[in-house]
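After this come two complexes, each holding subunit A, first together with subunit B and then together with subunit C.
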Partner chain A sequence: MRSPLIHRSPMPGLGLSMGITLTMLSLVVLLPIGALLLKGASFGAGNIWETVNRERIWAALFLSFRLSFFAALFNLVFGTLLAWVLVRYRFPGRRILDAAVDLPFALPTAVAGIALTALYAPNGPFGSLAAAVGWKIAYTQWGIFIALIFVGLPFVTRTVQPVVEEIEREVEEASATLGASRFHTLRRVILPMLMPAALTGFALSLARAVGEYGSVIFIAGNIPLKTEIAPLLIVIQLEEFNYDAAAAIGIAMLLISFAILLVINLIQVWSRRRIGYV
Partner chain B sequence: MSDATTGKFRSATEEAPLARWALIGLAVLGLGILVAAPLIAVFAEALAQGWKAAVASLGNRDAQSAIRLTLMIAAIAVPLNAAFGIAAAWFITKFDFRGKAFLITLIDLPFSVSPVVAGLCIVLMFGTNSLVGGWLVAHGYPIVFALPGIVLATMFITFPFVARELIPVMIEQGRAEEEAALTLGATGWRTFWTVTLPNIRWALLYGVLLCNARAMGEFGAVAVVSGKIRGQTATMPITIEMLYNEYLSVAAFSMAAVLTLLALVTLLLKTALEIRHADQLASTRRH
Partner chain C sequence: MFVTTPLAGTPTAQQPIAAARRLTFLSGHSTLRGTLSALALALIGLGAAPAPVHAETLLNVSYDPTRELYREFNEVFAKWWTDQGNEAPTIEASHGGSGAQARAVIDGLEAQVVTLALASDIDKIAEAGKLPADWQSKLPHNSSPYTSTIVFLVREGNPKGLKDWGDLVNEGVEVITPNPKTSGGARWNYLAAWAWAEKNGQDPQEFVGKLFKNVPVLDSGARGATTTFAQRGIGDVLLAWENEAYLALKELGEDQFDIVVPSVSVLAEPPVALVEGNIKNDEQRKLADGYLNFLYSPEGQALAYKHFYRAWDDSAANPEDVARFPELELVGIDHFGGWSKAQPEHFGDGGIFDQIYVPK
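Then we have the complex of A and B:
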C-alpha cells in the first residue's frame, strides 16, 4: 500500500508551517532559479552552447575548476591535520585555534579579498618576501589559489572533527597490540575511517570555491584567459546588459554545482554503506 | 606512569612527542599565515594613518548611509529567515510526509549556488526586462537596483542557516514534550511558546548569529542586484569595493575593520554558546 502524502498527526500548525515553508522557499529560492532555467530554455540549448563555447569562457571555467580543485586538495590535507590536532592534543591556545578555523565563514568575502591582496601584493609583507625570490603571488593564479584556500579552509576540519572524536581508542590499541607502528596505525586504521568525512569536506570546499567571487576578484588581476574566474564573466555580461550570455554561463555553473552536490551525496551513501555513520 | 620508565613510556595510542609538537606547530603556522595574517592586515591598513583618519573616514555621508543600509537589510532579512527556519523545522520535524529528504535538499540549495548566480537569478526574475519585474517597475515598485532586490539576494544566500541548525536539534528532541502539552489541553501556540521555543532557543540564537554575519557581509549576490548606487544601494561590502578601487585604502580598510569586528564578535558569541550550551546545539552534538 502506498503511504499517504502527509500522515495524520495530532500536532497543530500543519497548514501554517507548511504554508510559510513552501511560500518562502518558492519566492526566495525556487522561482528565481526557475527564472534562470526558463531564460536558458527560451535562449535554447544550441545558443547556450554557442555562447559558452568560446575560448575566454572555457578558460575561465577551467581556471575556476582547476584552482578550486587544488585549493580543496590543500584543504583536504591541512584540514584533516587540523582536525586531528584540535581533537587529540591538549595545548595552550587550542580553543583560540579552534575558533580561528571558523573565521573564513564569519569574515565578509570582500574584506578577506582586500586583506589578502594587501598581504600578497608586491609591496605587501608576504608579497615582498616572495618578490625577493622572483615569485609573484597577487594578480596571478597563485593569488586566486590562496584566496580559494582561505574560503574553503573550515569545511574539511568541521566535517572530520566529529569523526575523530568518535574513534574508539580500542581500535588503535588493537592495532598497536598486533605490532603496528604508530604511523602504520594512523595510515591503515585511522585514515580510512576519516576518509568519507574528509572527502565530503573536500567536495563542500570545492563547491564553495568554484562559485567564490568576493575574495577572489581583488587578488586575481582579472586578465582574460589568464586570471579571469567564471563568476566574474557573469558580472561582466550583466554590466553590458547581455542577459542571455549571463544566463548561459550561469546555467553552466549551476550544472557544475549540481554535479558536485551529487558527488557529495554519493560519497555519503557510499560511506554509510561502508562504515555506518558520518 | 611508573618511576622506572619515566620519560621513556608512552601510550600506544599517542604519537611521539616530537611528531606531536611538529603537527601542532604546522597547525599554528598554517592558521597564522592563512587566518591571523589577513586579520592583522585589515587593522594595520585601517590604522596606517592613525586613529583619527580611520574614524573620520567612517563619518562621511556615504559611509554612514552604507552602514545604515547594511543594518536595515540585516534587520529585514534575518528575522524573515528566522521565521522561515522555525516554520520549516516545525513542518519537517513534527510531521511525516513524502518527499521530506527532497524538501531538505531544496532548502540547502542556496549553499551550493554561487552568490553571483544567485544575484543573476534575482535579476532575471525581477529585472526590468522580465515579466514580473517589468510589471512591478511600471507600478512604481522597482526590485532590482533597489532595497527589495538586495534583501531578496541576501535572503537567498542566508536562507538555510536557521533551518539547518534547528532541524537536527528538533529531530533529536522528538515530539513527546509537545504531545504531552497538547494532551494537557494547551493550544498549539501555547505549546510552541512554552515548550518548543525554550528547548530550541540556543540553537535558534546560534543560527541567527551565523545568518546575521553572512547577511551583513554578503558581497557577490548584492554586487549583482544592487546597481552600486552610492548613498542609495551601496551596502558596506559594496562600499569597501568602491573605496578600494578608488585607491582610498584607509577608508576601505576602516570600513572593512568594522565588519571584521562584527565577525570577531560573532565568533566570540558562537564559541561562548558552544561552550555553555553544547548539549542544545546541533553543530556540537553531531551524531
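Then we have the complex of A and C:
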C-alpha cells in the first residue's frame, strides 16, 4: 500500500482537513469557474473572440483594467503609508481610524456607491467644490476611479500592517549606525521588507477592482465607450438572455486577470529572491 | 544580515502555493476518506433544509415601480380573500428590474404569479416551459390589468421650456433616462421618441440618436434614473413612467418638479400571468387565479388608479385619481410590430440602439 511517493505528514488530521478544504474549495471556487469555462467551451473559441472583438467591448475592458490598475497603484502607495502611520505612531483616535479601514469590506457596495455619488455629484459637498473649478467627478472616469480606490484600500493596508509591526527598531538603528541616511534606510532597508506584502495587497486590490460592479454602477454614468465598465456589459448581455456572450466577456476578463496576477506573482518571486528570503 | 530577519507576518500569498505543492503528493486513501466524510457532512447539511409546502402561499414576482401598488394591493386582497371564507394567505412580492426578475423565475425562483414590465420578459419564461405560449390571451386586455405611459418630469417652472419630444434634442438640454439595454421602462422611452419622430416627419433613427447624445448618465433601472434626476440634480428632464413621475411629485415635493405631457407617447401594457410550472396544487391555483382576477375587479382597478396607473374600469375609483390623467395620443407596441419584432430590431445585440453609440 505504501508508495514511496506518498509523504505522510507526522501531524494528525491531515486527511480530514484536506478533505474538507478540497470539498469546500471545489464547491465555492472551482465549480463556478469550471461552469463558466464549460459554458465558454460549448460556445467555442472562435465565437468568443467574435463576441469580444468589438470596439465597445475592448473600450470597456480597457477602461476597467486601466482604472483598476491606477486605483490599485494609488492604494499601494497610500495604503502602505496608512499601515505605517497606524502601526508606528500613537495619536488620539488611532484605534477608531484602524477600525474604519475595514469599513469598505463591511459596507454593501451599493451603499458605498450611492454615498460616493451623493458626495461627488455636482450638487454634493465635494462635487460642488470641484464643479466650481470646472472639474466633474461623478459620472466621469474620475468617479469610477474614486469608487475603485474605496473598495480596494483595505487590502493593501491590511496586508502590509502586520509586516510593519514585525519590523524591529534595531534594524533601522543598525542601518543608522552604519551611516545610512534616513531616506537611504527607508529605500534600502524598510521598503524591500514591505515589498512582498505590498505587492500581495496590490494584487488583491486590483483583482477586487476589476470585478467591482455594485458601487461603480451608481457613480459611473455608464455611457458606452466613455464610462461603461466591463462587468456592466456582462449584465447587459444577461438582460438580453444572451448567456453565451455574457460568458464570453466573463472568460475574457478571467484570462486578462489571470495574466496580470501571474505577472504580479512573478515580480513577487523575483523580489523575494533578490532580497534574500523565500 | 538584517535583511534575513524572518518575517512572521508576511502575508499568506505563499501559503496557497505551499498547499498546492503538498496537494501533488496526495493520493493516499486518507485524503479520499477525508473528502468523503466532508461530502457526507455537506449532504447532511443540505438534506436537513426544510422544504415546507403550504398551499396558502403566493409569491408575486414583479418589477420595480409597482412596489407601492402591490404593497397595498396584497393587503386589500388578503382581507378580501379571507372574507370569502378562505384561510388567510401569505402573499409575498419581490421587486427588481423586469428582465432580472424574469431570469430569476427561469432559473428556479418559485413565483406563482409574475407581473412584469414587458410581455417579452414573460415570453422568455414561457420559452423556458414554465407557462403556455398563449399566456397573454388568458386574461382580459392582453393580460394587462393596468397601463401606463411615458411623460417628462422637469424642474419647477420648466426653465428650459420643454414642451414636446422635439425640444429634447436642442443643444444644452440634458435628458435623463435609464439604459434601454437594462431597463424595460427605458425601452418605452426610446419607442415613444421614435413614434413622435415618425409622426412629425423626422428620421426616427437620427432623432433618437440625437436624443441619446444628450443623455449624460445612463442608469441601469428606472428608480436609479429618478434618483439621479431628483436627488443628484443632474439633467433638465427625466423620461419617466407616468406613475413614477406622480410618485416623485408625491414623495419629493410638488414644488420641485412639474410633469409635462408630450403630444405623443406610448401605451405601455405591463402584463401579468400565472406561472403554471410553479403551481403545486389546486388550492394554490385557486389562490393565484383569485389574485390575478382581483386585479381586474373594481376594487383592484381603483387601487391601480390610486397608484397612478391608467386602469380600465373606473367604477369604484376615486374620481380625482381618474381625472388627473390628461388625454394624449398613445401608440401601442403593435405599432412597432410587437415585442418579438421590436426587441431584436431596436435593442438586440448590434440593433439600432447599439448603433447610436458606434463611433462614425
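The working rule: the second predicted complex is superposed on the first by the 225 of 278 C-alpha atoms of A that agree within 3 Å, B and C clash if a C-alpha of one lies under 4 Å from a C-alpha of the other, contacts with A are read in each partner's own complex, and residues count from 1 in each chain.
We adopt the following convention: a contact is a pair of C-beta atoms (placed from the backbone, for glycine too) under 8 Å apart; a residue touches a chain by one contact, two chains touch by 3 or more.
Since the model is a prediction, treat every value here as computed from it, not as a measurement.
S.K.: Regarding the shared-chain residue A:N222, is it in contact with subunit B (first), subunit C (second), both, or neither?
M.R.: The answer is second: A:N222 touches subunit C but not subunit B.
S.K.: Have a look at where A:R182 lands relative to subunit B and subunit C in the superposition and call it first, second, both or neither.
M.R.: Touch status of A:R182: first partner only.
S.K.: Check the residue A:L36 against both partner chains and state whether it touches subunit B (first), subunit C (second), both, or neither.
M.R.: Only subunit B; A:L36 stays clear of subunit C.
S.K.: Considering only the touch criterion stated at the top, classify A:P10 as touching first (subunit B), second (subunit C), both, or neither.
M.R.: first
S.K.: In this superposition, which partner touches a larger number of subunit A residues, subunit B or subunit C?
M.R.: B
S.K.: Between subunit B (first) and subunit C (second), which does A:L82 come into contact with in this model arrangement: first, second, both, or neither?
M.R.: first
S.K.: Is A:N242 contacted by the first partner subunit B, the second partner subunit C, both or neither?
M.R.: second
S.K.: Could you look at A:Y139 and tell me whether it touches subunit B, subunit C, both or neither (first, second, both, neither)?
M.R.: Once the two structures are laid over each other on A, A:Y139 reaches subunit C alone.
S.K.: Identify the overlap between the subunit B-contacting and the subunit C-contacting residues of subunit A.
M.R.: Looking at subunit A, the two contact sets intersect at 3, 5-7, 14, 16-18, 20-21, 24, 114, 118, 124, 162, 166, 218, 232, 235, 238, 277.
S.K.: Can you tell me which positions in subunit B touch subunit A when the two form their complex?
M.R.: Listed in rising order, the residues of subunit B that touch subunit A are 12-16, 19-20, 23-24, 26-28, 30-31, 33-39, 41-42, 45, 80, 83-84, 87-88, 90-92, 94-98, 103, 106-107, 109-118, 120-125, 127, 129-130, 152, 155-156, 159, 175, 178-179, 182, 187-188, 191-192, 210, 213-214, 216-220, 223-224, 236-238, 240-241, 244, 252-253, 256, 259-260, 263-264, 266-268, 270-271, 283, 286-287.
S.K.: In the complex of these two chains, what residues of subunit C are touching subunit A?
M.R.: 2-13, 19, 23, 25-28, 30-39, 41-42, 97, 99-100, 103, 124, 179, 181-182, 215-220, 224, 227, 231-234, 347-349, 354, 357-359
S.K.: Residue numbers of subunit A touching subunit C in their complex, please.
M.R.: Per the stated touch rule, the residues are 3, 5-8, 14-24, 27, 55-56, 114, 117-118, 121-124, 138-139, 159, 162-163, 165-166, 168, 170-171, 174-175, 189, 192-193, 196-197, 200-201, 203, 217-218, 221-225, 232, 235-242, 245, 265, 268, 275-277.
S.K.: Which positions of subunit A touch subunit B when the two form their complex?
M.R.: 3-7, 9-14, 16-18, 20-21, 24-25, 28-36, 38-39, 78, 81-82, 84-86, 89, 91, 93, 95, 97-112, 114-116, 118-119, 124-126, 149-150, 153, 158, 162, 166, 169, 172-173, 176-177, 182, 186, 207, 210-214, 218, 231-232, 234-235, 238, 243, 246-247, 250, 253-254, 257-258, 260-261, 277
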